[in-house]
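See the structures that follow.
In what comes next, chain A is part of two complexes: it sits with chain B in the first one and with chain C in the second one.
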Partner chain A sequence: MRAELQRDTRHWLIATACLTVAPHTLWLPSWLSALCAILLGATLWQAARARRALPRMLLLFIALAAAAAIKLHFGHFFGKDPGIALLAALLCLKLLESRSSRDARAVILLAFFLQLGLFLNDQTLAIAALALCGTLAATVTLQSLHLGAQPVRVRLRSGAMLLAQALPLMVVLFIFFPRIPGPLWGLPADAHSGLSGLSDTMAPGSISELILSEAIAFRAAFDGPLPPPEERYWRGPVLSEFDGRSWREARFSTAAQPPYVAAGPAYRYRLTLEPHNRHWLLALDYTDQAPPGSRYASDYKLLSTRPLRERIRIDLQARPQTRPGAQEDAAVLAAARRLPSTGNPRARALAAQFAAPGATPAEILQRTLEHFRDARYVYTLNPPLAAADSVDDFLFDSRAGFCEHFSSAFVFTLRAAGLAARVVTGYQGGELNPVDGVLVVRQSHAHAWAEVWLPGEGWRRVDPTALAAPARISTGLAEALPAGTVLPLLMRAEFSWLRQIRQRWEAASNHWNQWVLGYDRERQHELLQRFGIGDTGWQRLALLMSAGIALLVVALLAWAYARPRRGDALDRAWAALCAKGAGRGHRRQAWEGPLDYGRRLAGACPAQAQEVHAIATEYARLRYRPPADGDAVRALAQRIRRLKLQ
Partner chain B sequence: MPHQRAQQLLEAASRIILGKEHELRLALTCAVAGGHLLIEDVPGVGKTTLAHVIARLIGLHYQRIQFTSDLLPADILGVSVFDRDNSAFRFHPGPVFAQLILADEINRATPKTQSALLEAMEEQQVTADGQTFTLPAPFFVIATQNPTTQIGTFPLPESQLDRFLMRIRLGYPAPAAERALLMGEDRRELLQRSAAVITPQDLVDLQRDARQVQVAERLADYVHRLLAATRQSPAFSAGLSPRAGLALLAAARAWALIDGRDHVLPEDVQAVFEAVAGHRLHLAADGRNASSQHLRTTLEAVALPG
Partner chain C sequence: MSTGATLRQRLGDRLWRTAQAEAGPIRLGQRRIYVLPSAAGWAYGGALLVMLVASINYGLSLGYALTFLLGSVALVSLIHAFRNLLHLEIRPGHAEAVFRGDSAQFAIHVHNPRPTPRWALSMKAGGGQPSVFDLAAGETATVLLDRPTTRRGWLALGRITLETRYPLGLVRAWTVLRPQLDCLVLPRPEASPPPLPPASAGDRGGMLRRSGDDDFAGLREHHYADSPRHVAWKVAARGGPLLTKQFAGIQGGELCLDWSGLGAMADDEARLARLAAWALAAHGEGRSYALQLPGSHIACGTGSAHLHAVLRALALHGGGDAR
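Presenting the complex of A and B:
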């Protein structure tokens, strides 16, 4: 078919291309995004001014140049990124040369394909919504190729109807399609780059950088009450080795059984971790009954047997009041007392004061705590740059720092006084999303605290930051910082409405993550079992899927055939009244005219007789006294909707 | 308001002819549509009275022609008589030159006489000795006929039946109406005492207004489907002709006008359908006219949207 494109179809086509390419610009190289924008602009100009198409040779040249540039940029044509880049460029070029409906169809197919391509990069709810808009636009465009001019609203509605008809099929495929392990969309290579989170070393400034990120680290959904804020310590790497500037993890062993006896009240929760490419599971202290696929480290953190390269979901149980480490290994304690031989002399001198002869470890700890409480250290997000002796600098000169300074100085002082102590990093707190009751823990909740070993008691958690800024633990970061600190937008109190929107959005995202992206074999099995389908082997699933699809097709066909022929808005309004009447047991006979039926229905419903009669008369007038005026038709339809027959 | 006058006329007529509102209304519809009416029934049910009432209440110039087997065309149309004074033939108009003609027992006359009247009805004029005489306006013929099974009748052929817009049956009155009839005063006296409710000019105006009643595309579509249904139905030997379709619409327009509307509804078509189609449809089984039951079934087979 070489039919010329309608003006209106051309506009739809351009809109579809814009909607399709726009989200891709998040990942496309910027020069390519600019090229696409220029090409789309040129198409728009050409359509608006009814200019002739550009010469084919020029288009060919641009295509070749773009392909060459893509090859230069990525180094190859293989894989997702160059592939999508090439398709985006081709889509824009094809649009520019589109004249016939055949060209338009090619553009629409490309657009559909690129909508799918979006999910290779990102599978969030927002991208899904954008892809849906793009798909709707493409469907409407495809329709406009075959149907004449129609108002936009009618177009969108029929496009949406078409998509909605595909919905049951989509649901059946989604539920029954056999799942393979691994993420649904992400390619394996994606998980290795660009993920932020804790690291296994801590130098001054490493956490305060992280803390400005509002990205979600994990979510925890508790069965029952939440632990109090002062027990919400999510354990990450435990840092025992200090080289005078940065802290590192010491060697640890792993075991299938916990190295402590869990005690105290238990909290059950489901942890959904965002990928961070490391092994640690950031469980709430102290885990009891680790699930399969995880192991206990000797420093009490919970580890996954594989690095977390995709979002995972595990069910855990914590007993925060456990006192671990009463019988600690001598090597571990030795490592927890070791300090570099030189550096930070003033801190060592201070520690020597605390460790006066005859002082018990508990007394030393008490004195150190009193010092941290009384010295009025300032908690700040922007500590001054540390000098070579970072601990001395914090304790005596700048007297201001962040949790990493506090914990580092605290542990250093205790070690200098002869106690075994170590830095623990992880997350503290979390914010409860009131929408779905899930505790959301962000990168901004990253924290560092200390653990001290006391003979006879074991490891005791001490949070020196809490001594200087108690609000940090009980209410959160924003409260704890001195007034005037520039905070990220969403942490500020005056943007609470913004926070509410974000909470809703995150709750929705969480459902999306849990039920759409996280619908894996396990969930599939869980769901199907609820419907009494125990065997979820792929043959069984394939059978169920085919049966489901067959049933759907039959149902759709039956619906299409059984559906009475629908007319215009006026017919639909009248049909609505007839349906209401039929609901009261007064079905309109097929041949019954409006006035006759109105009279009969009015006789049957005396309370609404007048209104029914008026409606029937109005319908008869609108239907049989042309031309019908659209407002009157709408008013009548509304009147019929409001009518309640008794 | 023309339709209010029509209503007044109907009310006045109902006081004289008891319990026949629907038939009276059909008869008036027929007059407003500019057609002619055939009343078929056994003697004595009020056919003649109905014609009288209409003539009286509209104030029409009324002529009654009793059809007999020896009636000749000239007895209806008139004759040319030689005028000695002018030495020329002069046409003496027959009883057909009236505004309302009651052709009583039309099927008792010979076909030749029948067709003379029917031609005059169709042409609205009479031609005699090369001269054409126009019939007065309004011109409305009410013919009565006895059921064709009676002895001594010449049944009207189908093509002649088609000239009547409607055929109605009066039937016996309802019990209550009949009791009132027996108890009340003489109908003829009542008739003599009643005055015209509307003028002949009013009838002409009504006829003009009826032609302007709107027919929506949807309604034309409905009429078309109704016609198609009679053509497809195995019950009838032949379906309704396009002329019958036009007749149906004209009657429906007049009915709608009398109802006070300027547009035709399916109900209007349904109301006049039996009267308009009954004498035009013949049963495939025995060639007799379609019964009400058959017509009702046909109506119910054609659905309206909604």
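Presenting the complex of A and C:
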């Protein structure tokens, strides 16, 4: 082991650190990213100019200052984010003071931990590729600790060879290692921060913020035909309580059986939900036969018994034609009629017109719908800021809004007219990926609509947004918005080729998510069953894993023992002749030259004497009068093969 | 040798199967190569364990993948380390005689029969410094191993270790060998010995004509200790080599280095040291000398072969064996 670090080892070490720290800058506080960049720069400068090390006291001071700043920034030390921040600072500092191969090893181990920390934030394909590069750089660094200076290409090749030999072993371990459903102990409180999705309250502007995100909320793979676009309503929180400005969920109960009688055609699908740290499962209306681990809420949404903290897959069945709520609880209806005592006087006056004496609920609903259709409200992503009376403001002043304004104003008006109504949030629509036939639903598909209760019929879904912008429901957001609205890049029609690339990429990501990131106990079971392995207890898995590893290790050992064939083609041909001679009891002696041996062998086998003599002469000619050309060597080898000594 | 050290030696011989020194070439097969994680390897393993637990806890699929990849790399590096030693051929070379107290140097030939290079090999004899070397494809290297010498006589090379931590330093692959190779340790000559004893009166009448300048006998190579008066300056002035004139008178007296002539000295080792110093001095002066030891006699002679025979007899006196 060479104690002092070589120059190029130092460079490889810096490359490893950069590959590991760089992606973290997306999540690290900016001051810390800057500090890491400065420290890495200082290391590079030191390596380039062969400067002396900074004084230890200074490094210690920087370390303490960074730790204090991290404590100040996050308010605590124990958690995912401060932990990663500390690791990153430590890695850069350790790199700066690295002198010996021992230091280099410490840096490499820190880099591995930091790499793992990155996966807490991001596990996409790109990050995985980056991690592979980081591992390669780390391997090369470790290797260079033992070897003298070599060109980059040689170093990379031997590092890549190690990795290539390790990959099959990794795959065996990955497939067969028994998966234990975590967590083993309580996770830090911030372990699942940064997950976006719907919220259980809705104030003006809350959904239009979400809609700018192109992040995927969930994917649905249907068995058979897809439901028509107007039935693609994915139910999230149901908001019944209104305080004049924002809508909240009312109390609800949960049960194992659906609170409705499912009817109509069924659609079976597999839902893959991205984690959002809430309970709701965003199932298509209305679920039939809830799978284990889920329950029906009394307001018809499907809930998971545990918050969704990792990506999950569930198989569901929906019957969109179901008419729920014919016998609704009086308390639920009372809550769905309640309004604050004051506010939005103009809306209340409008409602009073609709609720003229003698009007049936169906007539009131009809009038309200006609008003929303005829008033020509504008559907826009950038609604003007709402005044104190948000409903009045939308209905009479700005006359422009997004789905939350439409649904909020619509439900308010119906309630003011005495009907039971509520806001339902969730997602609407979805985008079919033609590559793999999966319906992709993004945060930009977030939506809010309304439900009205009619006596004798139950809850009827009404989408007031559809009245103003029918295209929103049938084709999508982009067509529904007036021209000139600034849309996210990929939603624009002229970038369809870009969208196509994205669809391919997302189909690949979906496979990645399903089979790599989502590889859990069930997937393991499913995969092994395909290969006819029914029992997936841990003992069986351990056995299979050991067998796989043993097989690969034997293959590697065979490689270690392999000895390349000795000599060139000409030598091998000559050796074949000598073997033939030895077979007849005339072994070539070590001191015998080809001509001598040929003479002796020819004497011993008079039948082939001429041929043996010719072969020996030809060999001597090819061997000792270079250069021998390949054809002559091949011809000689063939002659020797054909020769049969008697 | 103390009983503890003997016991350790025996145990080691049992463990490494090195009870018999091997004279012929040794080809390393799987039965002779041992592989265990190094200290760095244990640290690496510990880190992987922490990463695995973290992956389970947070349900990180890529965490599993990274941990498994790093673990597999370590396993593959173990096989690379093993392969780095496999099929090496080791032959004992030679060892020059040294004086006691100097370190003995044993030459070992290591041959790489494979057409790919071997990296970062390190060979070490007990108590010596390791020597680190690489072997190119098909190359044979001669490695010099140091061992300290404490006693005169034969010093066997004993057990040597050939190890490698290539490629990642996580694994130490090693082999323990005992090639048949001995080094003669000569008695350390006395630092400032008294002048040579007078030549014995005998065959030529005992004329000691040290200052004689008449019986010129010939020229020999100049030695550092020669008097400038005897330098053949004429030859030197002609551009020839520096030579010393030899005179018959100096060669005349036969010098006998006699063990029993040192009656006053009690310690055998001190006697041997004195005799060795005198032998060197006599050789330096180009004189002919004989050695008389209890039980052995070396007749009068000159030259380095004679000197070596005399020193060897001194080294092995009384069955001196440093093994």
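In this section, the second predicted complex is superposed on the first by the 386 of 646 C-alpha atoms of A that agree within 3 Å, B and C clash if a C-alpha of one lies under 4 Å from a C-alpha of the other, contacts with A are read in each partner's own complex, and residues count from 1 in each chain.
Please note the rule applied: contacts are C-beta pairs under 8 Å (C-beta built on N, C-alpha and C of every residue); 3 or more make two chains touch, one makes a residue touch a chain.
Keep in mind it's a predicted model, so treat the numbers as computed, not measured.
Enquirer: Where does A:W591 make contact in the superposed view: on chain B (first), on chain C (second), on both, or on neither?
Expert: So A:W591 only meets chain B here.
Enquirer: Looking at the overlay, what does A:L64 touch: chain B (first), chain C (second), both, or neither?
Expert: Neither partner.
Enquirer: May I ask you to decide whether A:D571 touches chain B, chain C, both, or neither, giving the answer as first, second, both or neither?
Expert: Only chain B; A:D571 stays clear of chain C.
Enquirer: In the overlay, work out which of chain B or chain C sits against more residues of chain A.
Expert: C
Enquirer: For A:I501, select first, second, both or neither according to whether it touches chain B, chain C, the two together, or no partner.
Expert: The answer is neither, since A:I501 touches no partner chain.
Enquirer: Look at A:A632 in the shared chain and tell me whether it touches chain B only, chain C only, both, or neither; answer first, second, both or neither.
Expert: After superposing on A, A:A632 lies clear of both chain B and chain C.
Enquirer: Mind working out whether A:L551 is in touch with chain B, chain C, both or neither, as first, second, both or neither?
Expert: Touch partners of A:L551: none, neither chain B nor chain C.
Enquirer: Touching chain B in one complex and chain C in the other: list those residues of chain A.
Expert: none
Enquirer: Where on chain B is chain A touching in the complex?
Expert: So the residues of chain B touching chain A come out as 214, 216-219, 262-267, 270, 299-306.
Enquirer: How about chain C: which of its residues touch chain A in the complex?
Expert: Touching chain A: residues 40, 43-44, 47, 50-51, 53-73, 75-77, 79-80, 82-83, 86-87, 114-115, 119-120, 134, 165-170 of chain C.
Enquirer: For chain A, which residues count as touching chain C in their complex?
Expert: Result: residues 1, 101-102, 105, 109, 112-113, 115-116, 119-120, 123, 127-128, 131-132, 135, 139, 142-143, 145-148, 158, 162-163, 165-167, 169-170, 173-174, 177, 180-185, 187, 191, 310, 516-520, 549, 553, 556-557, 559-561, 563-564 of chain A touch chain C.
Enquirer: Touching chain B in the complex: which residues of chain A?
Expert: For chain A paired with chain B, touching residues are 565, 567, 571, 574-575, 577-578, 588-596, 620-621, 623-626.
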